[in-house]
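Letters are used for the chains, namely A, B, C, D, E, F, G and H, taken in the order the chains are written, and counting of residues starts over at 1 for each.
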Amino acid sequence: MKVYLSGEIHTDWRDQIVEGAAGLEVEFSAPVTDHAASDDCGVAILGIEDNKFWHDHKGAKLNAIRTRMAIEAADVVVVRFGEKYKQWNAAFDAGYAAAKGKALIVMHGADHQHALKEVDAAALAVCETPQQVVEMLTYVLNGTLPS
Amino acid sequence: MKVYLSGEIHTDWRDQIVEGAAGLEVEFSAPVTDHAASDDCGVAILGIEDNKFWHDHKGAKLNAIRTRMAIEAADVVVVRFGEKYKQWNAAFDAGYAAAKGKALIVMHGADHQHALKEVDAAALAVCETPQQVVEMLTYVLNGTLPS
Amino acid sequence: MKVYLSGEIHTDWRDQIVEGAAGLEVEFSAPVTDHAASDDCGVAILGIEDNKFWHDHKGAKLNAIRTRMAIEAADVVVVRFGEKYKQWNAAFDAGYAAAKGKALIVMHGADHQHALKEVDAAALAVCETPQQVVEMLTYVLNGTLPS
Amino acid sequence: MKVYLSGEIHTDWRDQIVEGAAGLEVEFSAPVTDHAASDDCGVAILGIEDNKFWHDHKGAKLNAIRTRMAIEAADVVVVRFGEKYKQWNAAFDAGYAAAKGKALIVMHGADHQHALKEVDAAALAVCETPQQVVEMLTYVLNGTLPS
Amino acid sequence: MKVYLSGEIHTDWRDQIVEGAAGLEVEFSAPVTDHAASDDCGVAILGIEDNKFWHDHKGAKLNAIRTRMAIEAADVVVVRFGEKYKQWNAAFDAGYAAAKGKALIVMHGADHQHALKEVDAAALAVCETPQQVVEMLTYVLNGTLPS
Amino acid sequence: MKVYLSGEIHTDWRDQIVEGAAGLEVEFSAPVTDHAASDDCGVAILGIEDNKFWHDHKGAKLNAIRTRMAIEAADVVVVRFGEKYKQWNAAFDAGYAAAKGKALIVMHGADHQHALKEVDAAALAVCETPQQVVEMLTYVLNGTLPS
Amino acid sequence: MKVYLSGEIHTDWRDQIVEGAAGLEVEFSAPVTDHAASDDCGVAILGIEDNKFWHDHKGAKLNAIRTRMAIEAADVVVVRFGEKYKQWNAAFDAGYAAAKGKALIVMHGADHQHALKEVDAAALAVCETPQQVVEMLTYVLNGTLPS
Amino acid sequence: MKVYLSGEIHTDWRDQIVEGAAGLEVEFSAPVTDHAASDDCGVAILGIEDNKFWHDHKGAKLNAIRTRMAIEAADVVVVRFGEKYKQWNAAFDAGYAAAKGKALIVMHGADHQHALKEVDAAALAVCETPQQVVEMLTYVLNGTLPS
């Protein structure tokens, strides 16, 4: 099973899932989580831009090569919304994955429940913790529930 | 041409576009913009829920009947991000529209430029005002530029 | 909006919806609801069969010309499960519609809730009465809630 | 060849097919067949629900991650209808598989022939026993008939 | 309903269907049935060819503009096999229509039954006369059987 | 029938086809053929750019809203290559149309034959004059050849 | 590269291609070429039929499990028309493969040229001998021409 | 990751990329770059043609077996435009890849910027050198930027 881990990049939630899923037949993918590299990749390779819009544009498109390919290949897309920032790219990925018919799992705290209701409505599961994602992957693959 | 107007529902930007586009062969669609009705439609029709999550869930799914159908039918999807709120449903719609191969126009103020870089990267045009959307629709349909 | 009304054919639920939706811009379609004609159409036109399996097979395929075409054309598929019979064709239509990405509304009594949980899980709305379907169509098209 | 075994979970028909097909290049998949785990997986991982509808809803969606993925990946979908229960999820899977263009094999007893005529009409083969499924897989892969 | 009438062009079966279906909401399409024009259209417009292969190639491709468009637009494709000639283009159209998910009706005499078994296996109905096609279209659209 | 006329914009070939096809049931579409407007539309509406690349980029994307929509809607795409310029956008449109399964007609002079062999290989017809396009549309729609 | 070898089953053309292609990275597939098994597979496994139509129907559908799967998986579909029989299943496969966007190679003698013009028009290559197929596969994979 | 290298065949840019990407998990594909073989493959295998158009036609179609298959399989399509020739096949490939939703990277010198603006507008990255392609592939796969 291929699982793409989209969204928040400032905590170690991806590591927790990958570690928790050790032993399962899962192949994980993710966006580049080095924030500085992700922001500057476009101009670093393709030449500097004076205008911040085009600076970001080049980077966002280069990152899209990776993220689109990973979402297309995924069976399951997990999207985590953290406490901070606008995180519109996470919601964009969720919409993209939903339109492609991917199984969508959304992870967020209770305080974001109302604001994420449309995203949650497109999901096959809504949870709060990496541990729950691990338990779901374990159940989906092996049919066993947490004891 | 069918144009879906997604996103912010607290200002009159949709009216400005519809009025400005009078005379063009455009058929506009939009989500339900009555905030209270949109929030409560699920339970009003399908029965109350004690849990706020399911209250919202029912409503979001009922609204999805309208919004998915409109995005599928659209040639162009315009997504506006306003000054306030999380607006994750707007970004979700943008991702959904992009994955469906719709022509995407994103409208937002300069202060959101960096946060929306991934959404903008999927768009065929990024603008700030309803007047610019009208000018684009006029150009795309009639080939004439603003004088 | 095009709405296909699938499922139970022994009560007048379709008539209630069509009458209730008078005035809405909805085009309804349905399977042939004349039970005898539906059962015998294959052999009546294409020649008799000694074997009941092929008798039914010819009829079911001829009916499929109508039902597949209607589901493909529909924006919304309403599937009603009644009190009696196996109604596997209703569940088949629900699965077919779900796989085609149609907005699915399921209508059934509370006693069938557990048995229909997989079908309900694929729906954007689950309700019990034709009146609720009318209210949903009204809301989805006009944005107005029942008073 | 990938074969998904959908439907009835109370007899050992899956085991019979898997054993009979030993030596063939077939990779089988199936839903979780532990009835209790399948019913309660949603609340066990994602939190309890007072309302039975949502209890079932969470579980059905979590199971859908597994079943949709397996049907999408399958070349052949075998759906068995047993003697008991409504088995609407089996018919739903058959409709889903048909709409996705999968080769559909339906297995059921003669007493269900009339009620399953629409499902059978979408199938490439209708049979009664696991042994027949094994013989078909053997023929399809190796071109040899039972002696 | 859009119905494409493919195959044999030497008898008046298309006229019989069109006349019989007068009053039904059906829009019929067909290939160019002027045999000489159909054979020579390529070179007549695009320049002569010494080699018969290219003479035919140009014509077949020009005819394909019409036939592919008509099959794509059709809800139902009727393919008739007559008594004479190889009629490989009829079988090609049947395969093309089947792959596009069109409802396929095959019409042929009993003597071709064995040779057409693979084509018939992909059809929703197999019949012998134009009258049967009319009766099927009448039933599919109006739900009424021949008296 | 919907026909998109792509490619060279410096001669009146589109007018010749539209006039020649008067009386046929054809709906023509085309890119914006006002060269200056086409080049500057992006910055005229969305704001000036110092860098010629982004100046062109904004314009090309805005034009793509029109051209992609027109190609998607077309049954037939006619692409003309003239005597001058690189005309890579014409070849791009041809590739785009081919991948979308559109019927492709290529029009060019004999001197470009070798350079266009890959484009011609994807076409259903290759011709030199607008009159030939009119004759093909006439034949495809009415079955009549030029006298 | 996956190559499906469709059509005539009475000569050893498939063996010639497979042997000639030894050393190339090609995975070949084919229908069941045991004529008797292919004709009787349906009733041998699924039960006898008095009516020859249903006898053939069961067999043709069972064979379709293999052939559809193989065509779907193929990169290249080679269809050979021999000297005898109607061979409508070969033309059906060609149409099916064309509609699925597969690279189509047609092999037949010169005497069938006119009757196969529509099938040839959908092909990327038309040839007469297995040796030519081997040479094409060699060129397509390795870029080397026969010396 | 699968990367197809389309376009100019007279310099060693493909070798530079393949060498630079040594160690990355990338599988490269390309058209046949032996110019003489590519031009004459059709007639060498399928028989000579007097007419240059059909000589080229046969070759272009045979090459299309390889190129279409490679583009379909690719995650990323890199298209290089060189200094000379019309290179319409390169632009055709770019359009084909864009329509198939492939990640598109365009490589060309500054002098072609204006003429390629429509092609560049469909790309996720525009660059000038093979080294930049290597750096992008490295970043996309490993998340590391050139130091």
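Criterion: contacts are C-beta pairs under 8 Å (C-beta built on N, C-alpha and C of every residue); 3 or more make two chains touch, one makes a residue touch a chain.
Just so you know, these numbers come straight off a predicted model, no measurement behind them.
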{"item": "Copy pair chain C, chain D: interface residue numbering same or different (half cut)", "value": "same"}
{"item": "Candidate from G-H, A-B or C-D with the same interface as B-F, over half of contact pairs in common", "value": "G-H"}
{"item": "Between chain B and chain C, centroid-to-centroid distance (C-alpha), Å", "value": "31"}
{"item": "Distance from the mean Cα position of chain G to that of chain E, given in whole angstrom", "value": "23"}
{"item": "Multi-chain contact sites of chain B, meaning residues that touch two or more partners", "value": "61, 64, 126"}
{"item": "Touching residues on chain B, where the partner in the complex is chain F", "value": "1, 75-76, 103, 105, 124-127, 132, 135-136, 139-141, 143-146"}
{"item": "Of chain F, residues touching chain B in the complex", "value": "32-34, 37, 40-42, 44-46, 58, 61-62, 64-66, 68-69"}
{"item": "Complex interface listing, chain C residues touching chain D", "value": "52-53, 56-57, 59-61, 63-64, 81, 85-100, 112-122, 126"}
